[in-house]
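Have a look at the structure that comes next, please.
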Amino acid sequence: MALRRSLLWPLTALLAVQLAGCAPEGGSGGVQSQKLATITGRGKLICGVDGKLPGFSFVGSDGQYSGLDVDVCKAVAAALFGDPGKVEYRDLNSSERFAALASGEVDLLSRNTTMTLSRDAAGGNGLSFAPTTFYDGQGVMTPANSGVKTLKDLAGKPICVESGTTTELNLADRMRELGVPYTPLKFQTGDQTYAAYLGGRCVAVTSDRSQLAAKRTSFPSPDQHILLPDVMSKEPLTPATVNADPAWADAVRWTVYGLMQAEELGITKANVAAKLAEAKANKNLADLRRFLGVEGDFGKQLGLPSDFVVRAVTAVGNYGEIFDRNVGPGSKLKLDRGVNRQWKDGGLIYSPPFR
Amino acid sequence: MTTVLRRLRSELFPTRGDGLLSIALLSLLALAGVGFLRWAFFQAQWLVIRANATLFAVGRYPAEQQWRLWLLVGLLAAATGLSWGVLRSHPRRDRTGRLWPRNDRVAVAVLVLAGLWGPWALGLPLHLQARWWGLLALLLLIRWLAGRHGRRLGPRGLRLVALIWPVLYLSGMVLISGGLGLVAVPPSEWGGLLLTLVEASFAILLCFPLGVLLALGRRSDLPLLRWGSVVYIEFIRGAPLITLLFLGQNILGFLLPGGLAPDRVWRAAWVLTFFAAAYLAEAVRAGLAAVPRGQFEAARSLGLSYPQALGKVVLPQAMRVALPAMVGQFISLLQDTTLLSLIGLMELLGTARTVMANPAFLGKNAEVYLTLAVLFWCCCAALGLGSRALERRLDPQTIPSAS
Amino acid sequence: MGPEKQPVAGDVTPWWRDRRVLPWVVQGVVGLLVLLLIAFLLGNLVRNLTAAGLLLSWRWLNQPAGFDISETLLPFDAGMPYWRGLAAGLVNTVRAVLTGLVGATALGTLAGMASFSRNGLLRGIARVYVEVIRNIPLLLQLVFWYFVVFLALPNGAAAIQLPGLVLAKSGLYLAGFGEGLRWTVPHLVNGVWQAPLRLSVEFGALLTGLIIYSAAFIAEVVRGGIAAVPKGQWEAASSLGFGWLATLRWIVLPQALRVIVPGLNTQYISLAKNSSLAVAVGYTDLYSVAETTLNQTGRAVEVYLILLGVYLGLDLLISLVMNGVNQLVQIRER
C-alpha cells in the first residue's frame, strides 16, 4: 500500500499541475487539489503556528507542541492520515505568516490569525479562511497600580504591541479616533513584546483578550495586571489556507466543522468508538451514519477518507473538549466559553449541516 | 620574585600618571568582578539552564533517537583524539624555534577540567555525567595511544587520518538526519546547539569551493565571468544578511515550482552559504593577489596545464596567505547563525527565546544570554586558536623536528 | 602560455583547443546557463505571483499605512502613505548608522591606541575587550543590552544620574541647549524627566550594542595601522622630545591612516548593514517598517526590492565618502 502510494503520488502531483490551469471537472467526487496531492505525497501536514503562546500553541520543556491552534493542526492531520502526529510545526511570527502561506511554505496557518476582509480578498492577502475557532476581541492590559482606567489615560504613554498584526492597526485607528497621542513600541514576536512589558518599558500592552489572559497566567504575579474594560475590536481567530486551492480549503473547513458538529451531537473522544459501533449497527440513524462516514461519500467529496470526522475526534476530541483542555477550565488559562459556546447555548459556534 | 615585582612595576607604574590610572582601573575591575561573582553565585538562578539543557543541546530531537547523537559525539571524540595524538607524534619547530603543538599539556588540563566540571555543573543525572566522563577518557586514551604509535604512520597513513574527517562529517549527517536504515528525523526537530553547528558547518564547507570559484572568476581575463562574479559578490555584500534570510524564506517558494523548495532549515543553510561565499571570495582574492604572477607563469612554462598550475602552485600559496581572513569569515558565519532565530528557526538563540517564553523561566534573560555568550565565545575562540595553530603548521619556515 | 607548436601547413588547430575560441565558448556556455536559470526562476516567480494575485505593482505605496511609528525624526502618522513610513524608517536607520559610526570610531580608536600604551593593564584590558566582544554574536549582545541592561534601569527619581546624563527606563536624557539656548540639565517634573535631548532605550540599546561591537573590529584595524608604522618613527619622535600621546597624535596616526582608512570602510559598511538588527530590540528602523509594510500589504517582492536597493545605496554612499577620505590621507609625494 505504502509502496503503491509512493509510486502514485508523483504522478498525481504531475497530473494536478497539468490540470491546474484547466477548468476543474465537475462530477462524481473526483477532487482536483494540488495541495492535497502534495500533502498526501509528503505524508505529513505542515502547519504554521505561533509556538510561544500558552493555550494556543506552545512548546513545553518536553519539546511537545500543545494548544488550541495545535489541536486544529492535529485534527486535520488525523483526518488526512489517521495519525495526529503527522504534523510538522513551523513557528511563524506575525509578520512572516502570510508570506509563508502564500509561497506554499506551510499548508495550513493555524496561528491565532484574525479574519478580515483584506486578508480574505483575492486582491488583498488572498487567504481562504476556515471556520473561526475562537471569537476574541482586542483588549489592553496594564499593571494594576499604573492608575490607567480607560484608553484615554494612556495619553503620551508607551504601549507595547506586536508588529504586523491587526492589533497594531486597530490601536492606531482607535487612538486616532479618540485623539489620544501615544507611543507604539513594536516587537517582531509576542515573547519580546511581553518581555518588554514585564520589564516595565510600556505602561500597557495590547493584543487579543484571550492572548492577554493566556500570557497573564504565565506572569510571576498575575493578579497585579488588569485588563481594561474597553474592547477595541472584533477578533475572530481563524485557521487559514490559500485562496488558490478551494478543494484543500474545503477539506480544512469541514474538518473544523466536524469538530463543532461532534460537540453538538455529544460525540466525544471517549465515546466516539461506541457511537461509531452504534451507527454501524443501526441503519435508522441516518444522520449519524452520514456524519461518521458509515454511509454516503462526504469524505470522498472533500478528497478525504470517509471516516475523517471519526479520525479527527478520536485524535483530539470535539471542539468543546479542545477548548476546555487548552484554554478553558481544564487549563491554566481558565477562560470562560463566553461567545464561544455552541449556538444552542447562545454562543457563536455553529456548524452547517453535514448533508 | 623580585623580577616579577620589577616587571609588575614597569608594566603598571611606568610613570606617576600611569600609576594612578592603573590603580583606578584595578579598583574598577575589582568592583565589577565582585559584583558579577555575587550575582552569579547568589542571585542568578541557573535552574533555567539545567532544566532545559537537552533543549539547548539538541532541541526537539526525539528522545528515543538521541543515542545516535551520543554515538556521533563518541566518534568525534575518537577522531579528535586520533588526530591530536598523530599531530603530537610529528612535532615541528616554528621559526621562533618553539615546538608545535605548543601548550599541549595546558589544553589537556583545560579539557579535563571542563569535561569533569561541565556535566556536573549542568546538574545532569549521574548516568549522563558518567557518559561524558567516558567520552573524555576515550579521547584522552586514543590521543595517548596515537601519540605513542603515530610515528610509525607513513605519509599514506597520515593522509588516511586526515581522510577520517570528511567521512565522519558525512556519516554524522546521516546519523543526525537518518536514512540508510535509520529512522528519519526531519530538520524541523533539530534545534539548539545541534542546529547551530549543522548550519554553520554546512555553510562553511560549501562556501569554501564556491568562494574560491568566485575569486578566480573575479580575477579571470574573461569579461563575462569577471563581471558576473563582481556583480554577485557586490550584490551579496551590499545586502544585510537578515533581508537575504527573509528573502530565502519568503520568496524562494515563489521562485521554484511548487513543493520543490527545500526545507526551511536547508534553505537557511543555503542562504548562509551563498552569503558567506561572497565574503570568502574577497578573502581568497586578497590571497591570490599576494602570489606573484611569476609563480603562475613559471608553472605554465614548466608545462603544467592551467588547472594544474592553479591547483598545485598558485592556490596553495594563496590559501596560506588568505587563511587568517578566511577563518575570520568562518567565525562570523558561526555568529551569523544567531540571525536564524529572527526567521523562526530554533537554533541556540531561538531555543533561548522559547525557553524564556516558558512561564516557569520568565525574566531569566541574564542567565540564558550569558550562557549563550560563553558558549559562542568558546566556539569562536577555539576556531581562532585552531587557525593560528594551522597557520604556524603551514608556515614554510616550520621544520619537522627530530625530537 | 603553454609550449607552442610551430604551425605547420595543414595542421589546423581544432576549435576546442584553440586558445582564441575556447574562452568565448566557456563564457557563452556559462552565460547561457545563468540566463536560463534566471529565466526559469523569473518565469516561476511571475506565474506564482499571478496565481497569488500579487503581480508587481507600486500603487500600494500611496495608500495610507494605518500604523504608527514611535520616535521619528521625519513626522509620520497612521494617515500617511506607506512610502512616507518607509522614508521615516530610512531616516531612523541613517540616524542610528551615523551616531554609531561616530561612537564606534571614537571607542575603536581609543581601544586601538590603548594596545600601544606603556601601561600593561590598559594594554591587557584593550586586548581582552577585543577578544571577548569579537567572539560573541552581535544579535546576542543587542538582546542582552536591551532586555538585561536597559530594561532593568530604574525609573523616576531612582534613575541613574550622571553629570549631564540621566539613564532611566523611560529613556536616556542628555543635557543640552534648551529653550532660549540656555544650557539645561535633565530635571524631574512631576516624576517625569525632562531634558533637551531624549533617546529611547531601544535606540540606546541598539547604539550601545553597535558601537561596542563595531569598535572592537575598528580597534583591530587601528592597531594594525599603527603597527604598520616603522618603530623608528616612535624612537625618532621620542628623541626629539615628543611624549607618548604627542607622538601618537602628530607622528604615528597620520601615517597609520593610510592603512586604517580602507579597513574602516569595510567596518562602516558592516555597521550600516548590522543596524538592521534593530528589529530585535524594538527600534523602528527601515527594516522594521519594511517588515510591517510587507505584512500589511502582502507585497513581498516589492518590499524586498526596495530594501535591497536602499541598503546597496547606503553602502555605496559610505564607500564613496571613504574613498574620498582615503585620497585625502594618502601621502602626497613632492
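Order as written gives the chain letters A, B and C; numbering starts at 1 within each chain.
Rule of thumb we're sticking to: contacts are C-beta pairs under 8 Å (C-beta built on N, C-alpha and C of every residue); 3 or more make two chains touch, one makes a residue touch a chain.
Computed from a predicted model, the values in this text were never measured in an experiment.
Chemist: Please state which pair of chains has more C-beta contact pairs than any other pair.
Modeler: Ranked by C-beta contact count, first place goes to B-C.
Chemist: Centre to centre, using CA atoms, which chain is the farthest one from subunit B?
Modeler: A
Chemist: Quick one: subunit A and subunit C, Cα centre-to-centre, how many Å?
Modeler: Spacing between the chain centres: roughly 40 Å.
Chemist: Calculate how many whole Å lie between the centre of subunit B and the centre of subunit C, each centre taken as the average of the chain's C-alpha atoms.
Modeler: 25
Chemist: Among the residues of subunit A, pick out those that touch two or more other chains and give their numbers.
Modeler: Residues 96, 99, 102-103, 188, 192, 195, 199 of subunit A touch two or more partner chains.
Chemist: Which residues belonging to subunit B are in contact with no fewer than two other chains?
Modeler: Residues 246, 250-251, 253-254, 257-258, 342, 365 of subunit B touch two or more partner chains.
Chemist: Would you pick out the residues of subunit C that each touch at least 2 other chains?
Modeler: In subunit C, residues 48, 52, 147, 279-280, 291, 300 touch at least two other chains, as defined above.
Chemist: Taking the touch rule as given, give the residues of subunit C at its contact with subunit B in the complex, in rising order.
Modeler: Touch residues, subunit C against subunit B: 1-3, 23, 26-27, 30-31, 34, 41, 44-45, 48-49, 52, 117-122, 125, 131-132, 134-141, 143-144, 147-148, 269, 273-274, 276-277, 279-280, 287, 291, 300-301, 304, 307-308, 311-312, 315-316.
Chemist: Within the complex, which stretch of subunit B touches subunit A?
Modeler: 51-52, 54-55, 59-60, 186, 188, 246, 249-254, 257-259, 261, 264, 342-344, 346, 353-354, 356-360, 362-363, 365
Chemist: If you look only at subunit A, which of its residues touch subunit C in the complex?
Modeler: 94-99, 102-103, 122-126, 158, 163-164, 168-169, 171-173, 175-176, 182-188, 192, 195-196, 199-201, 242-244
Chemist: Using the touch definition from the top, list the residues of subunit A that touch subunit B in their complex.
Modeler: 13, 17, 34, 38, 42, 51-52, 54, 58-61, 63-64, 88-93, 96, 99-100, 102-105, 188-192, 194-195, 198-199, 217-220
Chemist: Show me the residue ranges of subunit B that touch subunit C in the complex, using the header's touch definition.
Modeler: Residues 10-12, 14-15, 18, 21-22, 25-26, 29, 221-225, 228, 235, 237-243, 246-247, 250-251, 253-258, 300-301, 303, 305, 331, 335-339, 341-342, 349, 365-366, 369-370, 372-373, 376-377, 380-381, 384 of subunit B touch subunit C in their complex.
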